[in-house]
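Pasting a structure here, questions to come.
Residue numbering begins at 1 within each chain, and the chains themselves are lettered A, B, C and D in the order written.
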Amino acid sequence: MKYFIRKLSSLILTLLLVSIFLFISFQVIPGDSAAASLGTSATKETVEALREELGLNRNVFVRYFSWLGNALCGDFGISAQYNMPVSLLLKERMPVTLWLAVLSIALIIIISIPLGIQSAKKEGGVSDRVITFLTHTAMAVPPFFLGIIITLVFGLILKWFIPGRYISYSENPGQFLGYMIFPAIAIAIPKTAMTIKFLRSSVIRQLKLDYVRTARSKGNQENVILYRHVLKNAFIPVITFIAMVIADVLAGSIIIEQLFSLPGMGRMLVTAISNRDFSVVQAIVIYIAAVVVVINFLVDIIYRCIDPRVRV
Amino acid sequence: MSKLGNERKNNLGPSQLSDVNQPLLTVNHITVGFQHNGNINKAVNDVSFQIKEGEILGMAGESGSGKTITALTIMGLLSKEASVLGGSILFDGKDLFRLKPEEFRKIKGNQISMIFQEPMTSLNPVMTVGYQTEEMLLLHENQLKQAERKRKTLAALKEAGLKDTETLYYQYPHQLSGGMRQRVMIAMAMICKPKLLIADEPTTALDVTIQAQILGLIQKMNQEYGTSVLFISHDLAVIKNTCTRAFVMQEGEIAEEGTVRDLFNGPKKAYTKKLMAAIPDLSSRKTGFPFSDPDAVQNGQAVLLSGKEKNILEVRNLHVFYEEKAKKLFSKKTRKQVVNNVSLTISQGEILGIVGESGSGKSSLAKAVVGLIDSKTGEVILNEERPQMVFQDPYGSLNPAKKVGWILEEPLKLAGGYSQRERKSKVLKILNEVGLPDEYTERYLSQLSGGQRQRVAIGASLIRNSKFIVLDEPVSALDVTVQARILELLKKLQKEYDLSYLFISHDLKVIYQMCDRVCVMYQGEIVETAFVEELFRKPVHPYSKKLLEAVL
Amino acid sequence: GDKTGTDDEKTPADDMSSGTPVNGGSVVVGISQDLDSLDPHKAVAAGTKEVLFNVFEGLYKPDKDGNLVPAVAESYEISPDGKVYTFKLRQGLKFHNGNLVTADDIVYSLKRCAGLLDTTDPAVVVESALTNVSEVNKTDETTVEVVLKEADTELIGFLTSAVIPENYDKQDTAPVGTGPFKFVSYTPLESFVVEKNEDYYVAGKPYLDKVTFKIEPNADSVIMELLAGSIDIFPYLTDAQAEQLKDTFTITEGHMNLVQGLFLNNKAEPFHNVKVRQALNYAIDKQAILDLVAGGKGTVIGSNMFPGFAKYYEDLADKYPYDIEKAKTLLAEAGYPDGFTFTITVPSNYKFHVDTAQVIVEQLKQAGITARIQQIEWASWINDVYVGRNYEATIIGLDAKLAARDVLERYNSAADNNFVNYSNPQYDETLAKAIEAQDDAEKINYYKKLQSILAEDAAAVYIQDPALLVAVNPKLGGYTFYPVYVLDMASVYFKAE
Amino acid sequence: MNTEKIHYNINFIAGLIIISLVLFFVTAGIFYTPYDPNEMNGAIKNMTPDFAHPFGTDNFGRDILSRVMSGAGTTFIVALSTVAIGAVMGTLIGAVTGYYGGFIDEILMRVNDGLTSFPSILLALVFVSIIGPGKYNVILALGIIFIPSFARVVRSEYITLKQMDFVKNAKLMGAGDFRIMFVHILPNTKLILLSSVTIGFNNAVLAEAGMSYLQLGVQPPDASLGRMLSEAQAYLFNAPWCALAPGLMIVLTVLGFSLLNER
């Protein structure tokens, strides 16, 4: 319980830190929401007037603390661009990113574990060589290429989905997922390649240890040894890696969301940054930070579960 | 794993003693090599032998002579670096090298099983002991119900001399003492009642009482189930008591073989003779066997100690406990006390022995003394800034990513004040002193035999002339010749530099030979401390008595 | 927000008008920017205005030939002194919410745009030309009078601003106007959906029942979606994309009505020297730029006016022919015989401009001038370059209202949006005369002169009016180009089979 | 039997050959390219590969081979230094946090989390605002962005390894914390660290391309592999070969490196 409270307070601290840092960033970078929203009709005076109206001229501290005060009450403010409460704006983006993340993480795990293990098992063999080559290629292919190729192949040639179509979750959950799967694949492929590479190294290291020999002496099947005995040990560094991947996709994949016209958080974030829509950026980043902290916290717990020697 | 043993020689093994029993295992001229910088080192060279059904065959030999490699070859468990260069192995009429992997797999564990030499590293660190043992049943007796399996597992653990098996079942290897892990290995290997049991130094970490129990267990299996055993041990006394026939390995070849009686009474080869001669004997101490010469105790020993004023180590009311991680997340941790109110002193130049039951807290005490355990109370005053320690598990205590040369050099680098040349020459010197050739500086630990690793660990602890060294079962994996050499070295250095040792061993002969005073540990407490002669002559505590009885 | 335009003499819509219109159907139009506001008076991005054109109308509105035609108003008159505009309202016109459009609504709307309301919302963008308005009066239920401080005969071009209901405060979430389409929904980052306004006053229009403007910032996925048929109409294709779509789509070409140029900070070293600016003009091969970045499409220009605005357009494209030697001589005269180094700051979101910059960098090498490209984010560009005027050179496309004044006024030395820091008293004078001029010929004359002055002074390196390539689903007809930046869906229809 | 050994050698030799080729290519690019990599020629826009232009030309009629040759060097410098910063700092942080645990761990890891969640675009903008634009400050920005992932992975390794007896033994021998962390433990993380570096290298190449959009990094018309690749995106259908050469180069390099370090 004490542990829990400690973690919770450190979570809050992190969020606070991030929000302060973000706030400072917005002070530092050129442009603000006033200038950004006025565009080429901006002149010094109009920008000034709008700044005044938006409260951008108030004292820095006053602004931060009033934001903080509201945020603590769950009110993340109004988007300067969309003139909508931020929470409402994000509520609609959330499921997109979330489901995209869930699907891609599932794909990553389902594909990378068997391939990583297979590759390590036959280290130096043909399948290993093939997998290694493919993973390196997949890692080197930029995500947007992948997205385009997937759309081309599955969308235009095979016609398994209609590119650009997006059916919201509330409309039809089944179809929604159907449309999510392809972007999820595009996200998953490079990450899967990385995970495979990582897992492979880790498994190879484990396979050299004596306990594997013991497991073999018992008459275990090679696969059982790999999955039951080695995997748990080998997973210790890999979990960290997967956690980073999870945090990454939960933050929203900007490129993929854009390519597949998904209105997710990642795209929202980029738009908001370029519009200097402070409250939106702040809310999204706080969300991401919370996700990251919580996931890392979970990872620490998983360590404890997997590796009995570890005291975290 | 590579198999190449297709070229079968015409004579079926060297065994002349063909009696009624069919050979269960026939090893035909196997040769196993490791590639080293282009040339092949043969670790096992043209070795042939047979084990008949129901026989216990002993295998003795120098450390590094290829015993383990031979055993692993039979099991088909050689590492990738090793290659079988020739020969064949027949088990139950089947050529193991030609068996399909799947068929071979089914034999493993079920018909042939093996107790590995290094129990410390041979268990899976992230699986409970119970599961790892039970897995054998899962694999080979899957008709059993879960409850039944657990019952059998607990019984097997108990038979191997483990107590509190219900708790043990849920524990992880790192929570166990060296001897406990070894017994888990034993339980695991025997649980399926295999036709052939390969026991590679199965009792190295066990105190005499438990050793006797285990040997009894092996013999019982042998008699009740007809299990054949390949019993590898450097302890000739054990071989003598357990086996009927035995052979001696030297530098990868069979030096001599025959019935145990013949071997012990009339060794023919020079090496065997040397082996027999080197058996440390309780009588090898200066004044002869203490039991026959009660006066020996008086003889200067007490004087030597009483005059000592300067203590190198003082331990007062030491308690050591481990935090047992809670089974459930977030629930309270529990404390387990393993060393209970221990006080002891070691004076400068003294060797204090610790004997005691496996799991009684010897290693924990040792680690606490040198400051490796934080969860302790009490006082430890150590007058040496850099105490050294030979860990019970040499493999785990040396850096697997580094070569032997580096490992030995590291203490010198840390001590400072040596030029690179001096360091190199000191490394070579100590390497020779522990009986390893120069080229071993270029090897990784994984490329050494058990005994060789142990010697590297000893070398690393000795090299910087620390005034106080803890030796936790330092010679458990060494054959008598090497053991004698190492003990001599330890003695020599101790004399030369006035070193003090805390010497943990289950081998009373070694204790007798080395130590000035001995503490007997039992269930976390020191139940008796005495001058070595005194203890051997007149043990007071019932456990001490039991211990000594077992030796005789 | 850097596009817009004028009139369009090639009438590329000819082939589009073939086929018999059918009523009904729905169409998806790709747009590349999210809307910046649904309130027509707050929206500044050209990309937003082109969409809102379908929902809102002003008193007058542009037609495809660049003429202003009556919309909410039926007719207007200018007083002889050019200071009072009197508008007659169209009868029985209804807002989308069913209410009749009253004179009060118009007064409200005009005041709002001109910043004359008692409580002004600073987010409302006040057109600088409208600051000339001194009062807006309702004469009777169907007549509204706009009184100016100074005479201005061009004001009608600025009175296209939307007419909205008085005191309706949900304009930026549920906009209400009088245009051919009614607002249905808007989802940020996704789409803006409108449906047919059954009460629209033009008979037969619009044809379509529903139009979805799909926000699609990624040019590559647009191609996919076009090929897959998820998008029916997409303007602003690149040359390469058009090439790719030419088999499946009708590709029509118009003008963007932009002045794309390498704009130089006339106050910064070395661009304060007119010779340097002229040298740059000689050193840049505009046709080559067109060839390299736009597949040869587009129109080379020589001053700050687009050819589509034919009435005022002075063809100065040949003023500075590509001539390296001349450039070098001028540079030497200006004191830079070995050339100089400068930075072109380009907004990174406009690939077209970045590409142009790349070509320019190469071309300037020949003249011994080293240019470096610095990509910069749009918001930073606005802040640092456009408002802050802290830059050496930049590439951008300038758009304008349907008024020559709007196009040329930014070079007035006192103009707020004179981000090039151009200053020439003669120019200022001429501009004032142009605005005051009552006579059309005289006015045109002045405006043409202004263009010549700009060209002579080489205020910038004017490059081109880029071509606008639009992909239209072959089943559709009626797509119409405007000389301003609009996406008029009212004229689009499904052709009969 | 000995086939495994031969395999390793083949891997190693293949890696060596690939890397040497790549390096040769890059070095040669400094001194010589068949054409001026930035020279445009409207007459030969988007030409398919032929003898004169083995990898074709791009949308400006520039020779892709020449551009790859000159761009690869920049990319390698950026990617390698980025990974170097990320790996060194990440390892440092990961080692300290994993090894010591407790308070330091908590603080540094939370800072790490903060950095991870901070949008890299924003970070890049902040960077330019503070240190101004410059060709190589992308290295610094990317390097910082890369730190958290390395730190996390290294930390997890240290958490496991610090429990080992060999670490305790090293302590007894008198090795200081620093030496234990970096001389004793670090070599044991080699395999995992190398994977991270390979992955990081790849990511850095691609991230560099992304960064140049944000005022950071190599600005056009100068070539870099990442830039070329992302520019090729627009011509993927018309001129797919634009992507081929830079893509191939990246894959080869990464493949070469990882073949090299596989034993």
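In this section, contacts are C-beta pairs under 8 Å (C-beta built on N, C-alpha and C of every residue); 3 or more make two chains touch, one makes a residue touch a chain.
Note that the structure is a prediction, hence the values are computed from the model and not measured.
Remark: among chain pairs A-B and A-D, A-D carries the greater number of C-beta contacts. If you average the CA atoms of chain B and of chain C, the two centres end up 88 Å from each other. With centres defined as mean CA coordinates, chain B is found 50 Å away from chain A.
Averaged C-alpha coordinates put the centre of chain A at 20 Å from the centre of chain D.
Once the centre of each chain is set as its mean CA position, chain C and chain D turn out to be 43 Å apart. Chain contacts: chain C has residues 220, 377, 380 touching two or more partner chains.
Each of residues 174 in chain B touches at least two other chains. In chain D, the residues touching two or more other chains are 4, 125, 163, 233, 236. Checking each pair of chains for touch leaves A-B, A-C, A-D, B-D, C-D.
Interface residues of chain D, counted against chain C in their complex, comprise 38-40, 42, 45-46, 59-61, 125, 133, 212-215, 219-221, 233-238. Across the complex, chain B meets chain A through its residues 72, 75, 77, 79, 101, 105-110, 113-114, 116, 118, 121-127, 135-136, 139-140, 172, 174-175, 185, 188, 323, 325, 329-330, 395, 446. By the touch criterion given at the top, residues 2, 4, 35, 80, 83-84, 174, 367, 370, 372, 385-389, 391, 393, 396-402, 410-411, 414-415, 460, 464 of chain B touch chain D in their complex.
By the touch criterion stated above, chain D contacts chain B in their complex at residues 1-2, 4-5, 163-166, 168-175, 179, 184, 187-188, 190.
Residues of chain D touching chain A in their complex: 4, 7-8, 11, 101, 106, 109-111, 113-114, 116-119, 121-123, 125-126, 129-130, 148-149, 152-153, 155-157, 159-160, 163, 191-192, 194-196, 198-199, 202-203, 205-206, 209, 226, 229-230, 233, 236, 243, 247, 250-251, 254-255, 258.
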